[in-house]
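Presented sequentially are two complexes of subunit A, the first with subunit B as partner and the second with subunit C.
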Partner chain A sequence: MSVIRKYCCIHAGKCFLDGALLFQSEQEKAKEFLAELYREIKPGYPKFFKMDVLAKAGFLAAELLMKGTEPVDDRKTGLFFANACSCLDTDRHYQDTIGEAYFPSPSVFVYTLPNIVLGEICIRHRIFGENTFFVAPEFPVSQLRRYTEQVFADSGLERALVGWLECEGNTCEVMALLVEKQGEGIEFTDENINRLKR
Partner chain B sequence: MEELIVKLKNEIIDVLNLEGMAPEDIADDAPLFGEGLGLDSIDALELIVLMEKNYGIKLKDPNEGKAIFRSVKTMADYIEKNRKF
Partner chain C sequence: MKVCIVGDNIVSSLGFTTGENVAAVRRGDSGLRYYADRLEVPEPFVASAVCRERLDEAAERLGVSSEKYTRFERLSIVSVADAVAGKAVDLLSRRTLFVLSTTKGNVELLDEKLKKGFGPERVYLWHTARVIAGFFGNPNEPVVVSNACISGVAALVVAKRWLEIGDYDTVVVVGADVLSKFVISGFQSFKALSPEPCRPFDAARCGLNIGEGAATLVLQREEAPVGRVMVEAGAITNDANHISGPSRTGEGLFRALTAVMQGAETEEIGFLNAHGTATPYNDEMEAIAFERAGLQQVPVYSLKGYFGHTLGAAGVLETIMAAHALKEGFLPVSRGYQQCGVSRPLQMVTEMTECRMRQCIKTVSGFGGCNAAVRLKI
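== the complex of A and B ==
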């Protein structure tokens, strides 16, 4: 049975790690709140400020989940995430940079795919395992859980970051899990994932 | 020239999201890429857009880029000589 080793929820000015409130701010706007959270946990990674909001949210969740974990073979960690809005905010921002004068921004353009967040996490943590980003109308708990289990069974993956990364406008909803193929932790079931959601 | 250098530093900080950095943190002669500010290839594209958008300069020869973007000072020199507005 696979297990949830750690889990993290970020939304509406609050960040929880393993169910405990880790950081809270009056600032509820996603972009500003994530910057405050970055300063709180001090990853020392200035490229963070160049990322779009979706990548910032995923980066910080991964940072919290991977901190203090034992290293495993880089090829045996995977990433499986989903959201509803894809990277729509960044698409709109990119459209705005084009404008009438036509000066499209290259640094905004590079984030106009939802799976770029996975690339940022892979670069940061030197992860070379399989990664997939799904777009679904709501958190596809069962689908993500079954997909992760299947990849664990088929590919030799031993660990995965799994979850929901939804950022739209000023809001951000993150639930991210560090799941391991075996070991000690909370059983990786649909019921437990739904129970841990805040 | 000094005024242009300060303006350019502010524009670079703004367009490249160099969080927590002030114009005085960037030395006029410090390399922009590699050792100095550590900018990357996407940043280089943003600087090309900045030159066109803010000064009307279109870089036609990519080989010129390395010399122009060596430092803020070399950028300012090039802008001073080639700006359209």
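== the complex of A and C ==
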């Protein structure tokens, strides 16, 4: 049975780790809140400020989940995330740069792919395993859980970050889980994932 | 039980069926053209575009009008309809799943001038996927994979897993992307586009060309497949190195190749269909990874000189081409290649060759440091 070792929920204004409130602020705009959360947990990673909001949210969730975990063989960690809006906010931002005033920027364009957040997490934590980004109208709890279990069964992967990373407009809604193929923790079931959502 | 290809289709600049596309590649035709004034992009570019009139005609026959369906959706629907035509596939069944592979879907609708009557929900990829699966009456929520340039092969790996989980008897993988000002300008801003037809792995290569198209693979599990191309192994990895630059050591691709080679000998691999975008760094990275994986003696080709880089369609389209190369026993010429331009010499295919081998590998690499590979067997 796979287990949830740690879990983290982030909304603009509040961040929870393993069900406990880790940080809160008056700030209800996602971008600004994530910057405050960064200052709170001090990852010491200035590249954070170059990221788009989606990558920032995923980066911080991964930071909280991976902190203090014992290292595993770097081939054996994977990332499975989903959201509804892909990277539409950055798409809109980029679209604004190619209208009448035409000044397309590579540093904006690169974030017009939703899996860039997975790349950022892989770079930070030296993760070489499977990294797949799905788009679904709502958190596909059962689909992500069963897919993760299947990857554990067929690929030698032993640990995964799994979750929902939705950032659009000023809001963000993150639920991320650190899941291990076996060990101590909360049973990795649909019921438990739904119960742990904040 | 084996995951087998039971149907396929390619809609590209080179044709509207797999047969047309295979025949065009065998003749050495390229779909790449020079466009000086298209999509309101200020700079000219070379790209591979699907014929508008033929798309209108094919879509019309299916009742897929341009008022109700976007260009992206029409391409996808036309591709799926042909892939399943005459096949024992029940798209209405709960046991059939649609998987959509795309990088940008209907992103062109963000442009006020192109929005027409389409609602704001149409730019969401999950919605686009529902429109496509819904056209065929499929009752399941489609799965959307959006993993940059590896999306197509990643979607194939995902589809294989869902068949192995056992919930579905059939998975329809459709990969698509369309030419847009959004994508062309973005790659131009990266200085990644070649001003002429691209030259993968060549010494004079100077960038990629964007292509558009849709490609569909219909997959099923079979006990004892006869004459089918099977998806033997698949892997997705990351370089953990850079979000927009390929790894200098080919780490992720090397790991993907190592994973799909488990259970196979190098001597059994007839060819490697590389990603081969023709950017200086990508092709060099691939050459390093191929050598590290011990595959430097295996014939290599890239199809980008025929189709351009079709983004979300590429992994599906090129896997279909590889499957047909295995079936028909030929190696396509790596168009645009003349002189070795990578530090590790590769066995580039420079003339059409017969291939009697029964296995091959298809690889892709993309932004975000992602890589994927599949091994096919007939």
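The working rule: the second predicted complex is superposed on the first by the 197 of 198 C-alpha atoms of A that agree within 3 Å, B and C clash if a C-alpha of one lies under 4 Å from a C-alpha of the other, contacts with A are read in each partner's own complex, and residues count from 1 in each chain.
We adopt the following convention: contacts are C-beta pairs under 8 Å (C-beta built on N, C-alpha and C of every residue); 3 or more make two chains touch, one makes a residue touch a chain.
Predicted model, so just to flag it, every value in this text is computed and none were measured.
Look at A:49: by the touch rule set out above, it reaches subunit B but stays clear of subunit C. Of the two partner chains placed by the overlay, only subunit C lies in contact with A:155; subunit B stays clear of it. Between subunit B and subunit C, the partner in contact with more residues of subunit A is C.
Of the two partner chains, subunit B and subunit C are each touched by A:105.
Residue contacts after overlaying the shared chain place A:135 against subunit C, while subunit B stays out of touching range. Legend: residue contacts after superposition of the two complexes on their common chain; A:118 is shown touching subunit C, with no touch to subunit B.
Of the two partner chains placed around the shared chain by superposition, subunit C is the only one that A:92 touches, whereas subunit B remains out of contact.
With the contact threshold set out at the top, residues 104-106, 110 of subunit A are in contact with subunit B in one structure and with subunit C in the other. Residues 74-75, 79, 84-86, 88, 91-92, 94-95, 98-99, 102, 104-106, 109-110, 112-116, 118-120, 122-123, 125-137, 140, 143, 146-147, 150-151, 154-155 of subunit A are the ones that touch subunit C when the two sit in their complex. Residue ranges of subunit A in contact with subunit B, taken from their complex: 35, 46, 48-50, 101, 103-107, 110.
Subunit C makes touch with subunit A in their complex at residues 42, 103-105, 107, 110-111, 123-127, 129, 141, 143-148, 154, 158, 161-162, 164-165, 181-182, 185-190, 235-244, 251-252, 255, 259, 366-370.
Subunit B contributes residues 16-19, 42-43, 45-46, 49, 52-53 to its touches with subunit A in the complex.
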